[in-house]
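Read through the structure below, which is laid out as structure tokens, and then see the notes.
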Amino acid sequence: MKLLFELGTSGRHCDILPPCDVPEMSPECLRKKELRLPHLSETEISRHYTELEKQVYGVNDGFYPLGSCTMKYNPKINEAMAALPGFAKLHPLQPDYTVQGALELLRRTEKYLCEITGMDAMNFQPAAGAHGEFTGLLMIRAFHQKNGEKNRTKIIVPDSAHGTNPASAAMAGYTVVSVPSGEDGCVDLEKLKEAVGEDTAGLMLTNPNTVGLFDKNILEITRIIHDAGGLCYYDGANLNAVMGITRPGDMGFDIIHLNLHKTFSAPHGGGGPGSGPVGCKKDLAEFLPGPVTEEKEDGSSGFAVPESSIGAVRSFYGNFLVIVKAFAYLLTLGADGIPEAARNAVLNANYLKKKLEEFCPMAYPGTCMHEFVMTMKDLKDRTGVAALDIAKGLLDNGIHPPTMYFPLIVREALMVEPTETESRETLDEAAEGFRALYQRALENPDEIHEAPVKTPVRRLDEVRAARKPVLRYFYD
Amino acid sequence: MKLLFELGTSGRHCDILPPCDVPEMSPECLRKKELRLPHLSETEISRHYTELEKQVYGVNDGFYPLGSCTMKYNPKINEAMAALPGFAKLHPLQPDYTVQGALELLRRTEKYLCEITGMDAMNFQPAAGAHGEFTGLLMIRAFHQKNGEKNRTKIIVPDSAHGTNPASAAMAGYTVVSVPSGEDGCVDLEKLKEAVGEDTAGLMLTNPNTVGLFDKNILEITRIIHDAGGLCYYDGANLNAVMGITRPGDMGFDIIHLNLHKTFSAPHGGGGPGSGPVGCKKDLAEFLPGPVTEEKEDGSSGFAVPESSIGAVRSFYGNFLVIVKAFAYLLTLGADGIPEAARNAVLNANYLKKKLEEFCPMAYPGTCMHEFVMTMKDLKDRTGVAALDIAKGLLDNGIHPPTMYFPLIVREALMVEPTETESRETLDEAAEGFRALYQRALENPDEIHEAPVKTPVRRLDEVRAARKPVLRYFYD
Amino acid sequence: MGTYIPNTGNEQREMLEEAGFQSFDDLYTEIPECVRLNRKLDLPEGSPELSVRRQVEALAGRNRIFNYIFRGAGAYNHYIPAVVEEVASKERFVTAYTPYQAEISQGILQSIFEYQTMICELTGMEASNASVYDGASAAAEAAAMCTDRKRKTVLASAAINPGVYQVLKTYCFGSGNRLVPVPEKNGVTDLKKLREMLSAECACFYVEQPNYFGQVEDVETMADIVHEAGAKLVAGGNPIAMALLRTPGECGADVAVGEGQPLGIPLSFGGPYLGFMAATKEMFRRLPGRMVGETSDAGGNRGYVLTLQAREQHIRREKAGSNICSNEALCAVRAAAYMAVMGEEGLRETARQCYSKAHYFQKKLKTAGLSRVYPGDFFHEFVTRSDIPSRMILKKLEDHGILGGLPLDETRILWCVTELNTKEEMDEAVRIVEEVAGS
Amino acid sequence: MGTYIPNTGNEQREMLEEAGFQSFDDLYTEIPECVRLNRKLDLPEGSPELSVRRQVEALAGRNRIFNYIFRGAGAYNHYIPAVVEEVASKERFVTAYTPYQAEISQGILQSIFEYQTMICELTGMEASNASVYDGASAAAEAAAMCTDRKRKTVLASAAINPGVYQVLKTYCFGSGNRLVPVPEKNGVTDLKKLREMLSAECACFYVEQPNYFGQVEDVETMADIVHEAGAKLVAGGNPIAMALLRTPGECGADVAVGEGQPLGIPLSFGGPYLGFMAATKEMFRRLPGRMVGETSDAGGNRGYVLTLQAREQHIRREKAGSNICSNEALCAVRAAAYMAVMGEEGLRETARQCYSKAHYFQKKLKTAGLSRVYPGDFFHEFVTRSDIPSRMILKKLEDHGILGGLPLDETRILWCVTELNTKEEMDEAVRIVEEVAGS
């Protein structure tokens, strides 16, 4: 379809602003080149976005088992609550006494999330998971620095970790030490013991891990790190499997981040905004980014900057409206609903895994948590049909494919996370669809290489895009 | 796709209400048969409607030249204004002094519409065009009754009229006299003169008429009726062509209705809600349905029932939120914008007509107003491809077909109304699409009989639906 | 000036030329000079969006929103789930026309088919139409369905909503039918009078359940009485109450109608609302307006179309049973979504809460000195009488942000309680009433 | 308790069985007993939707919304056209994930491609990324782009937004870069000091246009100075101002960044906002985060994909230039829709009105006794000084429903005026200030 710039013509416009009601003035230092933006009537703009929306696949369009992304249903009441003028129209620099409702919302969300994670303090400034990781790592840095242990320069990260873990560590000035996973997909304890030392600043781990398994040695893992003088950082990406069942704080983790846009049902917005609050144990609270909320002497709420704060990682207090959505979700589920969601996320994953493993090899056997990893290695060896082809084939089935080629330690990986908000019928249908596709791949591999054929565009040439990047429209 | 009743299972539900906070009680006269409604989770309901919406064609999906329906773009600001809690949350029986804003909105809209139509008074109670017609006809009845002329039992309606005109007349207790149109598509004056008499209660007419022509004899037509002692009723369906250019009040009409959901850009909602306010000349205002707005002695606004009111045709004051949308539209366009919209509606129609008449016969030659009628009679005679087939063929082009088989006086009619909110490009593309389809019909008529093939369902069997009506889902 | 015309002045000129015109005036040569306006409209100048928003918001701001509402009388304050609002805002549902082209309108058609099914379940009737304007016009259309040349008298209970009575009367003025009220006794229809008034000219009797005063009527007995006289029973009713009370179908009604506003439609100062209509197998072909039916497409797949159109005005013209054309489709979709979200248990619970809370409030008001006027069971509305002038009580409540019941006269007030009224706010309202009584 | 789990208890039991488990506990056998919570969470009981709505609305109701806002300082109150709100509410835009599967994500990808194009036009730069978290993190990421082993010092004007400075500092704490402020003089960056402070270790200099005090900086000269020293210029800027003022590109910036909130994003108590980043041809491959590129599909049709992913964390891991993953895609779509609706003339007009009105207000305030602190041109913010304590002035304004400027200290206030401030409300605010001054 056409781009905004290829529609309309000079002179078309929308009438938005009334004329200026004071004498018109103009600055001196004017731009030289005329600004070029689209010239469109409202009909054209509105239709353009209607058409664009048709070419997007959202949570409401069907099954979305994108592993590690926790694509659960986004409740409509949450959207309505975040749109309330009492939140959306608040200036972030209003006096505290005019925003007590917003502050209480932050404080209560903080409290609930601390209880769920076993942490003692929380800050909402990070705007996404990776942003939270970076924040947490800076806190580790500040902690060691305060203790005079500047030699702690290394962060240990398992080889199954999300790419954000090593990247965040690097941004925080750390050297990354990768520890291999054992054959069971869990941290290899011996290798871990070899890796730690006086230079260990900390460990980053998600548990359940990225192959969908709960690392049962978790207490030993965190003890090894602590014994070496390091801190343990919990990547909250997979919290959905265990919330209300076990807590990172009780596993020995010192700092965590959460993904409100995954675990707590806030929508993903096609890539953002997210919200990646960071929580920590009491001893580390002084390093949290600022401002954090506080209770004032008169019982009202306000903001303050922690004593040894690492500083701000973003303007103001984080993606507030996303937090409103998570708050509404927490109120809805409550004490019983939170673990119930976790249990059903795990049940749905195991149910679907059971159906799929009848014909498709799994990377790891046994009970999984909220997600599992299939491998198309066998299929590829036999037919040439790769994980990518299967993913594209699923597009023609009208379901969103699993995450491809992650974690890196599994060859031809497809990582499936159904979430708790999917019905049994949806899982059954997806399993049948996948079975049929797998069968077709065995029988007629060439056909799958052609997939997708029912989508608005066919398979796109990513190599070409990267080789000669065209990142904008060029006017004639 | 599945029906709501075919989804879910017993026990699934949404949690909406808190438990009852007073002692629970129950009436005596309970229903015997258990109520059966769907058992669904929010995910399922929400996805169901997302899927249903995909199978609807709205104004934002493209060109919608449905003749006589004035499918202009529905501005988003109007929707936002109608959704304001200050309107949506008002109880209709609140004391007047708590709804002064709503009353002023009604009074101002009334004033603006009176100016546009040349009427002196207006009432918003009718919920749709046909409802307005019925209301207007009852006013005619009340008028004659008051004048002791009970013998005026006939309403004259041209044969080109919308079906609602005769049906409304019948509902209002009148006998319908149909007058034929001349070859030029306009009222045959001689036939009209023959038709009028002492039994004439009035005439119903739309001008421009339903073949898209302005009846230049309009003053003579209304004079003939008035001379015979009848009243002239203006069907506002086609006002979009002439607003700000000429006024029904100045053409000699006594009573009118408007379609706010056509001319004044309120959306159609898949068939409603509409709004069909009725306006009239001063002498007839006493017959308007009640309540109407009035200015009170203290300058505030209130409601009153006109002296000789025909009574209420609906509860309360009409489809208020639809009126809010029309009000926002009137404020937006204003004194210059209203005639500009009319002029461009007529321009777009003539521009498109010019392009189409190169290959397709028109029912009437010459300049049209806001719409025009094509005839597929030639095509059908030559190829067997009927207006219906062409309409279904257009579906595969992604545009909404014109109105089919109306007006009845044109054989194999397709009635095209582009409206002023379509761009030249859209008209050009539609003309090219139609040209190609017409050509295909000539070359390969069988193919067109198969159309549509790209829609969610193929051509539907209407005969079967009517012969053995299945009007609801039956539980097993 | 605001505009929604895409084409620029230049483009308009080029298009005029291509279409063979010199100017816009040339487009209108058929309009005789003497009927041309030839002056500028006396309207305000057009406004850009921001100005429009400011003006309209200012008007909205001059209306008072009550957070606590104890007023019903035909418009009811119920909770509207977020999903329902979302569904009713979907762009294509909002902006589509009537689904004349079924192949690109399955979404609306199926929604209406689902609506029709749920209305049948709710009313206990066999077929529903796709909606009419509101509850009052539904009643009037239903009465028209029952009349014929021989039976031209319509009886209506004096205990029905007076707004509905007005509309019945207006429609009868059109059709030439006779509308006669059947007296009320103790807040309900006088069955003895009903029996006496029925005659061979009577086409039907219209009653509401619960009636205007909130009272539960004995509709079953009425059906027997009416049918004995060869007339039809048109049963109006509150759709929330139908989740709990004996349905029109069970009572033996021939046509069931009602105001669908309680089913997820906001108060909206009275509209748009939704008139629902359902009928027995014997009567459904006389239902006015659109109906959606199931059929199959050329490939044998299930699909939906507007059906039984031969009844309608665009085909039968003056012989049609009704002139209805545009209806309240989007409100019907909204109502269907509401019923789907609430489900049978949720709708029953809503009804039960309305009933229980109304009874709680009534008892409390009684202790505060507002005694109930009528005996017998009521649903979620009831009438009180008091020596204190109604307007004094209501004014005091308004001062506390509460919209009290509707004053029927200087001593009687019609109260309404729904699931949205909490015990807390009821107690608060009672406290205020006690204050007025005590002062 | 509310729930979004479709499967009923029965179904869950059946599914457990089919999957080979006896109970939910069996799913968690891998979790050592000693780390299990084994107690109920100390959270409130779950709530049905109506209760949730009531609780959240009550909190929203405890916040004060000001109708008249003269405060900016990093968050700006602009008009958001209705179409923009509508676009940003579209269900699929809202609920989709990052467009990893391009074939079913063309709508988001194309929107972002359009956004990137418009950001390039606005900034005068050659390539834009798909957004980062906000303006402050954009500045920090930009500084990181410019540093390398040899050049590890980041200079930043002391006249930039202190919130941005804080974030720069935090990011530098991580990277081990040195952040040094370049002093301000008369409300703008001291060019002489800048020249002096530049050294071979300096990676870049960061400045904002307009700066925190609203003052127009001489960015062109800075670019020359900075480039002479072999360093890069990172130009932060207000996107509305860019419609009017010399663009970063024209001034010679290497990277342009800014807070995109003014482009149709509501104030939202500080977030979500939008960080935009654009760079020259030489620098764009170092931009962090997602970028959308044009390509073609198997059928030769144009299409869009996430591209240059080799820069990113999921491929390069610890060697990536940044860790960014989720960005602010929906805010970028919103900003693109905003720019499309406003168009070039509309955006320029917005900027002109901001400028004109701010100057009108400043003059009026001056006559009321609030003199301007700095000389030189300003855009839509300015600082005043007065003997009257800032908090007295602001309190009085608040009493009249006006959010005044941001108090910088007891005597100085940073005011902001946008196209939304009418002459009427400015005159009213001035009148109130005069009152305070006179009392």
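Annotations
As written, the chains take the letters A, B, C and D, and residue 1 is the first residue of each chain.
Here is the rule we go by: contacts are C-beta pairs under 8 Å (C-beta built on N, C-alpha and C of every residue); 3 or more make two chains touch, one makes a residue touch a chain.
These numbers were taken from a predicted model, which means no experiment stands behind them.
Any chain touching chain A that also touches chain D appears here: B, C.
For the pairs B-C and A-C, the count of C-beta pairs in contact is higher at B-C.
The mean-CA centres of chain B and chain C are about 20 angstrom from one another, to the nearest whole unit. Annotation: 48 Å between the Cα-based centres of chain A and chain B. Touching two or more other chains at once are residues 1-7, 11, 46-51, 53, 79, 81-83, 86, 91 of chain D. In chain B, the residues touching two or more other chains are 8, 12, 14-17, 40-44, 46, 50-51, 54, 58, 60-61, 73, 75-77, 79-80, 332, 421-423. Viewed as a contact network, the protein chains are fully connected, with every chain touching every other. By the touch criterion stated above, chain D contacts chain C in their complex at residues 49-50, 53, 79, 81-82, 86, 91, 420.
The part of chain B that touches chain A in the complex is made up of residues 7-8, 12, 15, 41-44, 46-47, 50-51, 54, 58, 60-62, 73, 75-76, 332, 421-423, 425. On the side of chain C, the complex with chain A involves touching residues 1-11, 46-51, 81-83, 85-86, 91. Residue ranges on chain B touching chain D, taken from their complex, read 8-12, 14-18, 40-44, 50, 75-77, 79-80.
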